[in-house]
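Listed after this line are the structures, all set down as structure tokens.
In what follows, chain A forms one complex with chain B and a second complex with chain C.
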Partner chain A sequence: MLRFARWFGWAYTAYTFVFILAPIVASLVFSFNADRFPALPLTGFTADWYRATFTDPLIIEAFQRSLMVAIPVASLSTVLGFCAAYCDYRFVFRGKSLFSLLMLLPPTIPAVIMGLGMLSYLSRINIAGEIGAVLISHVVIALPFAMAMIRLRLAQMDDALEEASWNLHASPAQTLWHVVIPFCKQSLIASFLITAAVSFDEFAVAWFVSGLNETVPVRVLVFLQGQVSPVINAIGTVVFSSSILLVAMGMAFSGVGKAKQSGAGGSPA
Partner chain B sequence: MSSNTLRRRWPLLLPPLLWQLAFFLLPLLFLFVISFWSISNFRLQPDLTLKNWDFMLSRSAFWSAYGHTWVLALGAAIVTTCCSFPAACSLAFTVPERTRKLALMFLVVPFFTSYLVRVYSWQAFLSDNGIVNALFGVLGIDPLPMLNTNFGSLVGYVTLSLPLVTLVQTMGLAQIDRSLIEAAQNLRAGPVRTLFNVIIPLGKPSLVVGALFAFILAFGDFVAPTYLGGGAPPTLSNLIIDTTKSGQQWPRAAVVAIVMILTLVATSLVAVRLAYGRRK
Partner chain C sequence: MTEALVEIDGVSKRFGDYTAVTETSFGIREGEFLAIMGSSGCGKTTMLRMLAGLEEPSTGEIRLEGRSQKGLPPWRRELPLVWQSLALFPFLSVLDNVGFGLKMRGVNKAERERRSLAWLQKLELGEFASSNVMQLSGGQRQRVALARALVTEPKVLLLDEPLSALDAHLSVRMQALLRSLQRELGITFVYVTHSQTEAFSMADRVVIMSRGKVEQIASPQSVYRHPANRFVAEFIGNVTILRGSVAEVGDQSIRVNTATGSMTVSRGGCAASHGAPADFYINADQIAIGSAPQHENHVTARFLSHKFIGNMVTLFLEVPGIEDDLKVILPERTYDCLGLQPGDSVVASWPSAAAHCFSGAKLSAGA
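So, the complex of A and B:
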């Protein structure tokens, strides 16, 4: 009975992964399918949809714009996320839980509401409709992920490390630069990669505030509002590959190997 | 020491604090403010009027959208919780820690990959002559309409939140003291009884928090109900988009947004109460 339950559990878990992966795989398969409409049986191999993707100036511009947003967003949210994580780790101050709440809350606010809020607020201060508006909004959304990942790493740091540095007459700033940041280096890289992926995939807020400056996911959304187009599968596959690569690299940097090295029972990914 | 720490924490504290105040809190507060403003000549005018609130809250279309969104999100929370529980149990109790970590990593990756494209991809599975109905045909089952139904929306919601919910549940269940489960079995509790009297009560916080995440994500999502659910009747997010994009009626959309936020805050408070409340 128990053995049966165990096998059932494993089969079910495998099925869960199939459910999660199915749309990603289907997108990959149909992106090479000759038929315009995604249906079985497959009608033949073609690279036409990729050719259409990479010759469409709107899509190329969108890719450039997405990169132009993702890189500054990743840098800025990693820096701000580190500041927030270190404050949460090191200092005790009044209103600290309120501070952490303010830092971590954005992902729980529905994107449509964030989009509307950003649109009305940023157009009031005349930034809406520009690429900078997307950048600002994406930092707000990505910062919590950066903070959470770096905070997990700081939790593994031995208090004595900083104290030793202070005892050796290093200033707090020197300690931060020579001790804390090197200790967090891998989680900083991980946070950079994952916040870049967050920005690269965010469509709702970007759709509200970007005006005519479409990023890749906004372009996909516009495609979706039109008729069925196999080009979406081709863009989708490119987007999937890049964000899976970013996140997988990020995960590799953040977790698995280092839990052992620090000794303390590793934190969950 | 304390004055020293006080002085040197400002350079680190201020940048993230000011950023989130200026670009997160203020925009949300601003939504509240403009819900009392008016529109004249297609432009936003500072005002102090209740007519946006009156307009939205007196319409039956608003309340039917509200009810529809609530039912869908509640359904998503229940379905996702039930769907991920067996997998979470399996990952928490029957596999070695290395495998568990690897599996959790595989769960985190899709959470960050384009939800939009995944929803589009589901259309190919769920449409009337799509993959699932083709499989049904092979099995001799009559084709079922799935795209543009509430079932379609649910598939989208589960796609969105299943990885996160499974992650939360697995982490919660893995922390349960194994000896309690063994004790139950030594006292001759069967697997079903162990599940309902030991594992579920002890794992309750993670089950409730996971369900809350699923609820929040589904409540605010517009992609699944639009592209898998057919868009009718509209959800609250659809209402915000229509009101903002085609009507340019930002103040009215802000009313909907505030009602949504209040609903989510209230739901979260109830859920946290439910998850942690009855333990000392």
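So, the complex of A and C:
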């Protein structure tokens, strides 16, 4: 019975992964297929679609724009996320739970509502359609991820660590710089990488606010509307690979699966 | 008495409705090893945190060398603390952990490293200077924490139960190290602990606290032999407390009538008057056991049970008319020769010098 339960568990997990990954694998396979139409049997290997992708100025421009958005978004959300997480960790203040709720709210809002809201707000302050509009929207979306990751790391910090630093003549500002930030360093890097991935992949809100400044996902949709081309498989594979790479690096830095270090105490953790 | 290095003057601490420390005053002398002892929640750690500036007293003030520390944040005080959790910085090397305090004081890198290394060598950690603190053993981390606190050569070092995470063997070795370090450096140590062994083996003076109040401040010997009150006596646990009323007052001793008969108790410093209720205690290690009385005070008792504590044995005797068991501590050899079985009837006897009134108690009829 137990053996069956184990077997079933493995099978179910495998099925889930196949279900999630099959479309991506299909896209990957067909991106190298010589035939114009995604159909079996495969007709031969080609890198033409990748060549087409990296020579299309519109696509290159979209990639450049996505990077121009992703890097500042990642930096800004990590800095703001750290501030918010530290604030939540260190201080007790009136309305703290409301503050935390508001901080973590954006991912729960349907993307279309968020996009529409952003569009109407940003057009009112006359930056809708600018690259800055995408940047602002993406910070809003990515910030909760940054805050959650950094807050998790702070929760592992021994309360005595900051006090020990004050006790050794470090002012609160010096303590923040010499103790808290180094302690959170890995989660800061992880947060940077993952928020970059969030921005790079985000479609719905970018579609509303980007105007002519299309990011890669928006460019992909526009591309699809015009034609069905295997180039789309190549773009998809590139986007997926870069995102998965960012997330994997982020997870490696955040120490998922590693023993946590909460502070060097008297007994080994 | 010499001028106190640290003066705690009318200090109390409240957290909302909870009073952690009630108004307390005492001085800490230069160069002494002072242990603050008590069970958890007695206010000993709060007292230490107030010294370090991590808590601000609700009333009163703390003075270091006559300078009030009132309103001085922890980062402006010269009172380094060794944490129970050690609180070493896991992202820094051993050397950088030790040098942290110097860095924050703006000491240049070369000087910082020279001084940190000197301390590491002194504590036999020189070879670990570039290691990560996470790679060290418990005892080694302990010494890194000590070096980190001592590197700035403070006048006073605060220690918050630093040995509680170590095993018994290592703890004994660290106690010896702390004691010799303190003697050698002449630094004042303020050591908070719940362990009687640690406090008694290292301290010059012991402060016993209970529920936010200081119960007694004295040398370990006098706390052991002359507990100030019932609480201290029960906390140390090496005596039996009896209750009676004063029958006769002499120069050196008083006679007390108890439920098991009349006994002579050495008077010590207490003022006694005829007829007053009197609590007194008998030191467990000064009671003799036999079939006949060997000293002037004696009771017939029933042997209940015993407990080994190394080379000594604690016996528990039932005495008719008194509530608590009479505690007797005998060398293991002596106990062995008696060949007692539970239920045996024995005579316990003790000289009047083994029984004392609580020092500072006033045994007058109206009290």
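One rule holds in what follows: the second predicted complex is superposed on the first by the 257 of 269 C-alpha atoms of A that agree within 3 Å, B and C clash if a C-alpha of one lies under 4 Å from a C-alpha of the other, contacts with A are read in each partner's own complex, and residues count from 1 in each chain.
Rule of thumb we're sticking to: a residue touches a chain if its C-beta (ideal position, glycine included) is under 8 Å from a C-beta of that chain, and two chains touch if they have at least 3 such contacts.
Worth saying up front: this structure is predicted, and the values here are computed from it rather than measured.
In the overlay built on the shared chain, the residue A:Asn167 is in contact with chain C alone; chain B does not reach it. In the superposed model, A:Phe240 makes contact with chain B only, not with chain C. With both structures placed on the common chain, the touch criterion links A:Phe183 to chain C but leaves chain B unconnected. Residue contacts after overlaying the shared chain place A:Phe63 against neither chain B nor chain C.
The partner that reaches more residues of chain A, of the two candidates chain B and chain C, is B.
When the two complexes are overlaid on their common chain A, residue A:Val220 makes contact with chain B while staying clear of chain C.
In the superposition on chain A, A:Ala84 contacts chain B only, with no contact to chain C.
Chain A uses residues 172, 266, 268 to touch chain B in one structure and chain C in the other.
Against chain A, in their complex, chain B makes its touches with residues 5-6, 8-9, 12-13, 15-17, 19-21, 23-28, 30-31, 34, 44, 83-84, 86-87, 89-91, 94-95, 101, 103-110, 112-125, 127, 129-131, 134, 158-159, 162-163, 166, 171, 191, 216, 219-222, 227, 237, 240-241, 244, 250, 253-254, 257, 260-261, 264. Of all the residues in chain A, the ones that touch chain C in their complex are 158, 160-161, 163-172, 174, 178-179, 182-183, 185, 261-268.
Residue ranges of chain A in contact with chain B, taken from their complex: 1-2, 5-6, 8-10, 12-13, 16-17, 19-24, 26-27, 30, 38-40, 79-81, 83-84, 86-87, 90-91, 93, 99, 102-103, 105-106, 108-114, 116-122, 124, 136-137, 139-140, 143, 147, 172-173, 194, 197-198, 201, 203-204, 208, 217, 220-221, 224, 228, 232-233, 235-236, 239-240, 243-244, 246-248, 251, 255-256, 266, 268-269. Those residues of chain C that touch chain A in the complex are listed here as 52, 54, 73-77, 79-81, 83-92, 100-101, 103-105, 133-134, 136, 138, 141-142, 148, 152, 162, 164-166.
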